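The data blocks that follow each hold one structure.
After this come two complexes, each holding chain A, first together with chain B and then together with chain C.
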Partner chain A sequence: MHKFLIRSFVSSLVLLFTLTVAAVAKDVKAAFVYIGPTGDHGWTYQHDVGRKAVEAAGFKTTYVEGVPESADAERVLRQLANSGHDIIFTTSFGYMNPTNKVAKEFPNVKFEHATGYKREHPNVATYAARFYEGRTILGTIAGTMTKSNVIGYVASFPIPEVIRGINSFTLAAQKVNPNIKTKIVWAFTWYDPGKEAEAAKALIDQGADVIAQHTDSTAIVQMAEKAGVYAFGQASDMDKFAPKAVLTSVENNWGPYYVDRVKAVANGTWSQKDTWHGIGDGMVVISGLDSQMPSDLQAKVKKLQADLASGKVHSFTGPIYDQKGNLMVAEGKTADDGMLAGMMTYVKGVEGDIPK
Partner chain B sequence: MIKIVKRDQPSKAIFFFTPVLAIFLTLIAGGIIFYILGFKPFEALKFFFIVPIADKYGFSELLLKATPLCLIAIGLSFCFKSNNWNIGAEGQLTFGAIVSGGVALLFYDQEGFYILPIVILAGAIGGIIYASIPAILKTYFNTNEILVSLMLVYVSKLILDYLVVGPWSNPEGFNFPETRQFSDSARLPLLFEGLRIHAGIFLALAAVIISWFVFYKTYLGFQMKVSGFSLKTAKYAGYKGKKMIILVFLISGACAGLAGVGEITGPIGQLHREVSPDYGFTAIIVAFLGRLHPVGIIFASLVVAITYLGAETAQIFMQIPKYTGQVFQGMILFFLLASDYLLFFKFKFIGSKK
Partner chain C sequence: MIVDINFVGLIIASIMASAVPLILASCGELITERSGVLNLGVEGMMIIGAISGFALMTVTGSLIIAVFGAMLAGVLISTIFAFLTQTLITNHVATGLALTIFGIGISAMIGKNFVGIPGKEFPVLFEGLKDTIPLLSPILFGHSIVFYFAFALPFITSYFLKKTKIGLIVRAVGDSPESASNQGINVRFVRYACILYGGAMCGLAGAYLSMIYTPQWIENMTGGRGWIALALVVFSTWNPIKILIGAMIFGGLTIIQFHMQAIGVRIPVQFLTALPYIVTIIVLVVISRDSRKIRLSTPSSLGKSFHKDN
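What follows is the complex of A and B.
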């Protein structure tokens, strides 16, 4: 009797195993559309690291790099959907309308659009990372390490994503050092090493001794290295580009999400959703901390990281005031996702106006 | 022994043969590059130049891509034929798109047959206004039109940036840098259901026919030709140079502006930061590859358009880096300029002296 039970248990296990394997091995093909070259060591590079994780999980992948957000995006998407891909990740905001348009024509193909907000068809999902949590860590480090109390920040475009980052960074820096000022230079680009370096130089000339960035190239950390000030890596670990300047980097870690979603397609469990993951889910990762940071700061950062992950600490905890002194978030409250998604005002301590 | 001898006159046959030679050499060099990169050369070339246009949809995409290139190159040929170096078609395209997009946005919630003609006209006017700047500066202040027109490209892109980030950004768009979508009445009609090819192709074809007529049947065309050969001769013949310079710039600007209209009211349907993937610059290659001849430009625009499509297909199916498309465009121009040497020189075989 026992033998029989064990046997049937084992055989059902084997059956279950083969079923699972069969389901996973169901030839799911994933495609990735990139805005830049895979060698940009920033935004696109990290998405490609994510793609490689999908390959490592046993799926076939395809990518097309340097796809402009012009009329060309739609053609690339249609071609990918037409050539046997089951799930297509479009990794730049400007692909939003083409993604939804092509998704309508291919209801059996799943589309995943990064950083957008339109999900017009049931086969379109959106995803983004809570990068602002990483910026809370950077702000804490910047506020502690600055001597001039002027922190420079190279920003890309005045959209909520970027404003949120500036605010989160500034709030954290103020917490450890109430005297700091954040100076912003708008580069109006996501990736332009020349412009970014110029922006960083302008900030250094204005007395900034720590530079943060919300653009994707390594030009800023390299400029900081040359000028002997501190900086933070963006999107990927940029330490090797400026070993003295880079204190740490906020890495975009898309791999787990990508593997998850491709597996969901394989298992037939994929469904539309809007994902917004942070440090806790591992989508935002803090690189190794530089040894120039004092050990008590390092310990503080590690604890903050754990608290952000567990939800014990929220990047936007009241009281928060805007530049004019109006209350944005009351004491004891935290900003909800709706407020974060539409954030278009600077908090107190940020210098200048949002370009209109 | 082979000796290189200067020709008495540039050879007409070679004039039209060298573009073909340049394309042929590009294919060979491309094959070698693929081989060095570790890809099968013939398979790669097949995915580059045949697979993308093997079906109806692919062919329609080729025409869609060639339309702005052809239109701009036709306009540029007016300038280049008459020794006016308008390098700023990209800026004229962008400004045309800005003006016509602005008009289309005025009508964003309206329908009506009159909207599209106004939008198209606005784009042409935008291109004309923008091209008139280097033209006027050149004729009245002796500035270098290459520099002025090129620099204005960056200005136009900054203006577009400003508008889509700020005043024209979609109020429901979370401040992302893009405008509202245009109403259907402001969109160029599609020629076939399910394909993206639109009525803009007729603008390009009209430009081809008109330019052929102007080049070969009118006094203006003759003036342009003479000025192209020698500015001094043109002056000596008593041509009013200034008028002609301004006119060719305006024609060129109108064509580029219309190309911009074709993009935003055709496949894109709104204004955002990337209206054109540098069509205005690529069209310079097209104009020269087509020998500044209207029919030549049609073929050249198709050849260059396919380098874009092929690069995508080759990456999807063979994982060849997409930027090889730009390498091909560069190579075509390089081989064309290099083989132009044959226009003015010939090889002469001389028996060795005994």
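What follows is the complex of A and C.
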């Protein structure tokens, strides 16, 4: 009897709360689900910067951080959908199935899944950024600035996103300097400053004088600063961490897209789509160029940036061969999005094997 | 490949630098465990040290205040553990685990405002001598004061436990708190002191990470090193010199596997990544295989609460 009383009391409270929310708040509420802590100064941090832009545009937002890519994600999503959120952004690849599953149960809530490809219900959209365009620019700079012709690359996990980055970077570097060698070290972590620093140190000790990274912390650029070599910032502008080492950074800029999508919900114009934006749409931003770069290189980089933005230049323009010499992209053609999305082979010129 | 002798020196220096936080935390925990207290909160105390050191450095601008502040923060958080386990006689394991969870949570909370701020440069000693002796120069010179302290600590700890009266008291308390108590030793006081000392060393280990090794603050930056430090204490059979060996092996294999990858050695990367953990365990098992010796060197009352009835 007691239990029944408590239960009905609680459920009426919940009902009352929901009704109040429905009655009072006409404005759109957005929720964000994060894989890491907002304090990682990397992937999640940049998504949270985007969330703050939504807040600044006058919408209410909530976020849940450190959500595992498991059944927990479903629970969190249901809770958010149940508590009056109109649009929910799920910001990691592993949320793909939970997002689609929960979206089916809440047809009136919009779901936006980052870096995935499944849109099983009309209320699920996907979005991602063409970071490889940024890496084309980094490769061009690295190939020009290196003196030892050895470029170090600290990689995280062997997934298409990372392989695509390595390929794009190496192709661009080879274009300006056919003698370069890209040495890759897999750290098998997205962020562990200690490990990342050790990986960078190993590459520097082996003669690399430019270090690129596909992990999230600032430890690598700091190590480069200490050792007197060049590096590039990842996800956010890391110049202040290593003013001498950092030549430029590739920033993830989610804010404009988030504001757009939340506004679309408010106006009733939201519809399902797949977005893959690059430099042209401002989702990938190149930070200021360091003054240590010669002025002709700066001019070249600015032009390349403009050409990538306009679509005049594509990061993967043929002829492109894989490591065994098989043709991947024919001369005059560019790699299509399907090929890019599933890229799991190195291009010619990258050393070593992809870990399996 | 021709091996340049200075290159070997550079690798050894990197290995030593990566072993520093493990040595500091393990040597601190060793003293705590020698007094019969099992504190599983090493990771939590380290992360508290990391954020406290970084925050104090940013706010006050003084490296000295920051380093000692980090140690003090380690002491403060271990006081909670000491009060719970020694005064309120709670279970050591549960309290230690709670301490780690608490430490990770509260450090993230304090750290919110310190994300994305670059650290300050920490001064190094003997930098002028860096190119004087081949092979040895990069190993011996150009490191922070904490680095030198860490490599002296196992020897100091060993001397303290074996040769000093206070060291003997600590061991007596860990082996038989009843007898020690009957001899008029204040068991609770000794254990409090050892717990707080362990906290200070873990705080210093954390500060090394956030101020010297990778000068920045991000959440969870200790990355499980506290747990490795705990394992090193057990595998070293509570012998500080073996902690030094274990920490060097662990740090060494992490760095050597990165070098092997960069050279292009065709061994599966996943195997190389797991190697430090596997080899550290194997080596420490081998060097501590003598079961009679293990029984003799394990503090007999480890993890057991002592309650003086009167």
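Simple rule for what comes next: the second predicted complex is superposed on the first by the 328 of 356 C-alpha atoms of A that agree within 3 Å, B and C clash if a C-alpha of one lies under 4 Å from a C-alpha of the other, contacts with A are read in each partner's own complex, and residues count from 1 in each chain.
Everything that follows uses one rule, which is that a contact is a pair of C-beta atoms (placed from the backbone, for glycine too) under 8 Å apart; a residue touches a chain by one contact, two chains touch by 3 or more.
Computed from a predicted model, the values in this text were never measured in an experiment.
Trainee: Consider chain A as the common anchor and indicate whether chain B and chain C clash or fit when overlaid.
Mentor: Once both complexes are aligned on chain A, chain B and chain C clash.
Trainee: Contact-wise, after the overlay, does A:188 reach chain B, chain C, both or neither (first, second, both, neither)?
Mentor: A:188: touches chain B and chain C.
Trainee: Pick one for A:69: touches chain B only (first), chain C only (second), both, or neither.
Mentor: In the superposed model, A:69 contacts chain B only, not chain C.
Trainee: Using the superposition on chain A described above, determine whether A:40 touches chain B (first), chain C (second), both, or neither.
Mentor: A:40: touches chain C, not chain B.
Trainee: After lining up the shared chain so the two structures overlap, which partner does A:342 touch, if you call chain B first and chain C second: first, second, both or neither?
Mentor: It touches chain B, and chain C stays clear.
Trainee: For the overlaid complexes, name the partner, chain B or chain C, with more touching residues on chain A.
Mentor: C
Trainee: Contact-wise, after the overlay, does A:218 reach chain B, chain C, both or neither (first, second, both, neither)?
Mentor: The second partner, chain C, only.
Trainee: Quick one: is A:240 in contact with chain B, with chain C, with both, or with neither? Answer first, second, both or neither.
Mentor: Touch status of A:240: second partner only.
Trainee: Applying the stated clash rule to the superposed structures, which of 20-28, 92-100, 146-154 or 200-208 from chain C runs into chain B?
Mentor: With chain A aligned, chain C clashes with chain B through residues 92-100.
Trainee: Do chain B and chain C touch any of the same residues on chain A, and if so, which?
Mentor: Of chain A, residues 37, 188, 355-356 contact chain B in one complex and chain C in the other.
Trainee: Help me check something: in the complex, which residues belonging to chain A touch chain B?
Mentor: Contact set of chain A toward chain B: 31, 37, 62-72, 74-76, 78-80, 83, 93-94, 97, 117, 157-160, 188, 341-342, 344, 355-356.
Trainee: Spell out the residues on chain C that touch chain A in their complex, using ranges where they run on.
Mentor: 7, 10-11, 14, 18, 108, 111-112, 115-116, 118-119, 209, 213-221, 223, 225, 254-255, 258-259, 261-264, 266, 268-270, 273
Trainee: Going by the contact rule set out above, which residues of chain B touch chain A in the complex?
Mentor: Residues of chain B touching chain A: 57, 61, 64, 158, 161, 165-167, 174-178, 181, 196, 263, 266-270, 272-277, 308-309, 312-313, 315-317, 319, 321-323.
Trainee: Using the touch rule from the top, collect the residues of chain A that touch chain C in their complex.
Mentor: For chain A paired with chain C, touching residues are 36-42, 45, 152, 183-189, 191-199, 201-203, 205-206, 208, 217-219, 222-223, 236, 240-242, 351-353, 355-356.
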